[in-house]
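Same chain, two partners: chain A is paired with chain B first, then with chain C.
The block that comes next holds the complex of A and B.
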């Protein structure tokens, strides 16, 4: 198993390099000259030349790439063009804000969908199972923006149950602001999660060891909780770990609608103001984070399931 | 005189995979109904493209923000801020969404199939490079990948399709590669090899028809992600410019809702919901019908 982990670690290196290359390719090659986009139409040649020099765009591509690698290693991405803030500080400030609502929403959605998936697996093929699947597919087909807009309109605007938008740090003050975003996130994610966990549970239920458990006279309840759930923990854990990077980035649309100053909102503002450095920094940081969590998932998987091996 | 050739012609023909699948799909009445809805959307998109419907979406048909009314069908979903028919805008939006889905597929499917087939069939260095490329891309969060690529390419339909296509080929490539790895060792491919079939013949004539059902299944899910991505990108101002789409309609609804104008949001949401749900059900039914393992 150590062998597998070491090989998996080594395998991550070319992928990490690939991610830096693709991001660099997007922003420094495909993106052409961001300077003229950022300065707008009224910039004169001198201003453009100055800024190009300041951002290092007048250097050969290979040096620009090394500059980029240096930025990643030192976690120093310079300053935002719109707000002039340090980008690394913006990211460190934004991530906890996103976590404020994504983390509770994630835990609630997970508990609900795992419990429901056990029930669905228990009554598989029956009307409860069928209705749940139909609701999940229908729910997944509604655009996420519609949930956000209608939720905000009815719960916050019409019925005044929650503030329409805004955010306040600190524990008790925060609750009223994050309540509606949490509810909407739970509704948004539960369809997909429940479908996933249902497949996981149904996969387990058809295994031989379950038949053995039943045939030695165990009650269906014991079979479900002690056998099915325990063995389904492997895909559940890996699914949980791979979600963590998404919790940090938050939801782009939700944060924008509710005025939550998390990372998702920063991306929207950066796009609106053509803030190249911010978008580039966020892209590379979260791609690397995602990659690392992919690695962690695979390693975890090999720890709990000894059958896994790298070809 | 022998009558043998005539009798050979009379032998019953075996069912092909496609024919078999079609038979199974037709048994699923609800899926067939959903398929006809999807085809209806496609037809509307083609007619819009030809200028036969919704060509007049930009004309004023009523007062600004008039609510839905039963009279002329142009007013069934009311009007927008400029008094334009919401229903015509929704129809035009269907055309935009279908086009994005189609163009993105036209990029993703050929790239995914060719690279996947090459990686799975040839193995070795080619496989290493292609696997490295798609693993790298699948390690980047798809939303951020599409967003940054659409951002650097500039606003508009083309960059949206390129961004989506560049991200979507990965899934197809992985699937096709896995199937080619399995199939190239099968007897029928070995038999073709011993009969002297070239690499290209074995790839395209022998293996590809046996794995192409995966592409068809993937197609419906590709369309779903195209429709959803269009909405998000249009909301962020990176989508289509100057023409209506479901994304821009929902974006406009953001400001309208506070004034009690809900019909533009409702029309776009309903149009999206119906087609995405149908695509979901058709996709599932296609998988059941085409996947011989489940038979």
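The block that comes next holds the complex of A and C.
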């Protein structure tokens, strides 16, 4: 397995180089010149030229690309064009804040949707299954912004159950601030997740080995938990592990509306201000995380399914 | 499993239940609608960062909080400067006994006294290319020797702060002389801006590139909590110099109770809490809940705040909220690229006049501004010398018959043969709706348009590279001088990145503009400004839009509140009636 992991890690190097080339091309070659934004409304040609020189934008592109590679290797992405803050610090500060609400929401949504999916699969075709599917489809049809606006207005403002917005680090202070974003994220996730897991469970439930298990006289509980759930683990793992990098980046809308200083908040600000260093850094980090978690998925396959071997 | 889930959700809900936190002392709670870009005066480009910087830092001059028209008065200067007859030399006396706030950068952590040399250092910093200040335009080409000092710093790659600049001189600790290269009457306004505030060299050197996170000024408040994307808290500066509340104001201010605190030591509140609330809904709900003391009315909440009669709704009246409506010193306009290769017809004045006539701004004021805007007749907004309330611009009368006639004279009867014009705008909903409105108006005279949406950086870049044909934009005053608006049409500003995006070039305009901007305020200068404004109105390098009315609400417990266009350090004048607040928030 070690050989496999090393080989997969080596494979990620050309992938990452490809990502750096694409990212660099988009932001440095066709992405436009951020200097006008940085200088504001009183810029003139001389000031733009001076700033371009100071920022090193007048250097050959190849050297600018090497600088970018160096930043990735050293995890020193310089400072944001817009806020002038250290980007590595911004990311290190923002990622845990995003995780504060995405992680519990992810775990809760996963537990609820897997449990419910077992139940609806068990009672497939019955009223509980039908109602659940209708609710899921209806829930998916409502835009996420509507949940946020509704939740913030009624639960926070009208009924005073939560603060309207804000964030407080540390436990338990943060609970009141993340509670509503967590609930909204769970509600937003469950529809899609539940439908996916329901399909997975139904696929398994119709397999021959399940019929065999039942004919052997095993209880439904054993059938569902020991056979169906265990054999559904491969698609579940794929779905769960691939979602983890998205937890770090947070939700742009939720963070903006609830004033949560996470990475989602930073991304929207960076896009609005053409803050290329921040966007580049986040793109690279996200790509790295994606590669790592992809590898982790493969490793987990071999742990839950003895038929899978990593060569 | 289900029990565990119920337990988790219960904990979330129960712990979420909130109540108002008890405030200690008089606290001013405000909201910024954008994230703060650091606390370095040299980088305080946007209004929000400038406001935050001004709580901690101070400059030589400031605007009087209550007098109108806006009047400049001394701040860290002991008195207004002595200006030489030729307008080239400004002699300042610096206020004695003003202390920088305590910080580890000073010996024993105790702030030292402000000296004249601090201003010389601060001005040099604006010129230092490494600082990348967005405020360099204020001093560029204006102070003797400073451009050369900057050029040397650019060449060597390092600024020499010990090198003398002939135009900046401190004969003693409290005397500062500034020598200008040419008469610039607007220079005094530059000295009211946060860009030119005093910073201490030892603080800048101690924190280096992290200086923007360590504000240490002479101002009324000391930074206590700094989370620029979230919240900032300031506490009263215990060593603040003895500044007092003004004893004079505009007519009617005394009667309105705005001068009740005359002579009291500033600041009047113990703390200022600033929340960064970018989205409209949370900002509005926080105001309605009483968490923040003042708010501009978000577009979607307008009907909730203002009734059809233009007054507050019953809900807000019950909360005893106050409404303020003031004409903002800004201008919206639709610009023609007069050097567009695709639409060379924009060079033709008749075409521009016809398009200007086709735009019905009155309907747009109702639709897009909730009737909170006035039609611009010239580029000079109300409240600035040069504004002429009696001038009526015939090209803003929405006379479609005349528009068609002018277009026909230009050779495009009913728009036949006129190329399709690309209208560039921003991608947000309101901008797109406004673009559709422009399209609808121009169709009335047979001119077809295609709308192109952009992000703000992309639009700016297109304007800078002359890749636009027709686009909507706005300009907010930097200072109360018509020169600030008329420079948008000055020929030499027609350059990549320059302010004259229309590439309007009129030698007569340029000559008169150069003459007027070098004059001190006088009836002659006002006459020249009006003449220049009328030239723009007649030549139509842009379709003039509106002057917006700033509509804001503030809570009943906030006292001494008055709308101010340029004042960024107003928080020191506000008083919070804590008893009334407690009573109303029960």
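Quick notes
The criterion applied here is as follows: the second predicted complex is superposed on the first by the 283 of 311 C-alpha atoms of A that agree within 3 Å, B and C clash if a C-alpha of one lies under 4 Å from a C-alpha of the other, contacts with A are read in each partner's own complex, and residues count from 1 in each chain.
Keep this in mind: a residue touches a chain if its C-beta (ideal position, glycine included) is under 8 Å from a C-beta of that chain, and two chains touch if they have at least 3 such contacts.
From a predicted model like this one, the values you see are computed outputs, not experimental measurements.
Annotation: superposed three-chain arrangement on chain A; chain B versus chain C shows a clash. Of the two partner chains placed by the overlay, neither chain B nor chain C lies in contact with A:241.
Contact with both chain B and chain C is seen for A:271 once the two complexes are overlaid on the shared chain.
By the touch criterion defined above, A:138 reaches chain B but does not reach chain C. In the superposed pair of complexes, A:252 makes contact with chain B only, with no contact to chain C. Between chain B and chain C, C contacts the larger number of chain A residues. In the superposed model, A:157 makes contact with both chain B and chain C. When the shared chain is aligned, no partner comes close enough to touch A:299: not chain B, not chain C.
In the superposed model, A:149 lies in contact with both chain B and chain C. In the overlay built on the shared chain, the residue A:79 is in contact with chain C alone; chain B does not reach it. Two complexes overlaid on chain A leave one chain B stretch from 114-122, 132-140, 240-248 or 276-284 clashing with chain C, and it is 240-248. Looking at chain A, you'll find residues 32, 149, 152-153, 157, 257, 271-272 touch chain B in one structure and chain C in the other. Put simply, chain C touches chain A in their complex at residues 1-2, 4-5, 8-9, 11-13, 15-19, 35-38, 40, 43, 45-46, 129-130, 132, 134, 136-137, 140, 154, 209, 212-213, 227-231, 275-279, 281-282, 285-286, 288-289, 291, 455-458, 460-461, 464, 475, 478, 493, 495-499.
Partner chain C is touched in their complex by these residues of chain A: 32-34, 36-45, 47-48, 50-51, 53-55, 79, 82-85, 104, 108, 111-112, 115, 149, 152-153, 156-157, 160-167, 172, 175-176, 179-180, 182-183, 256-259, 261, 265-266, 269, 271-274.
Interface residues of chain B, counted against chain A in their complex, comprise 132-133, 135-137, 139-141, 143-145, 147-149, 151-153, 228, 231-232, 235-238, 246, 250, 253-254, 257-258, 262, 265, 268-269, 272-273, 276-277, 280-281.
Residues of chain A that touch chain B in their complex: 14-15, 18-19, 21-23, 26-27, 30-32, 137-138, 140-146, 149-150, 152-153, 157, 245-246, 249, 252-253, 257, 267-268, 271-272, 279-280, 282-283, 286-287, 290-291, 294.
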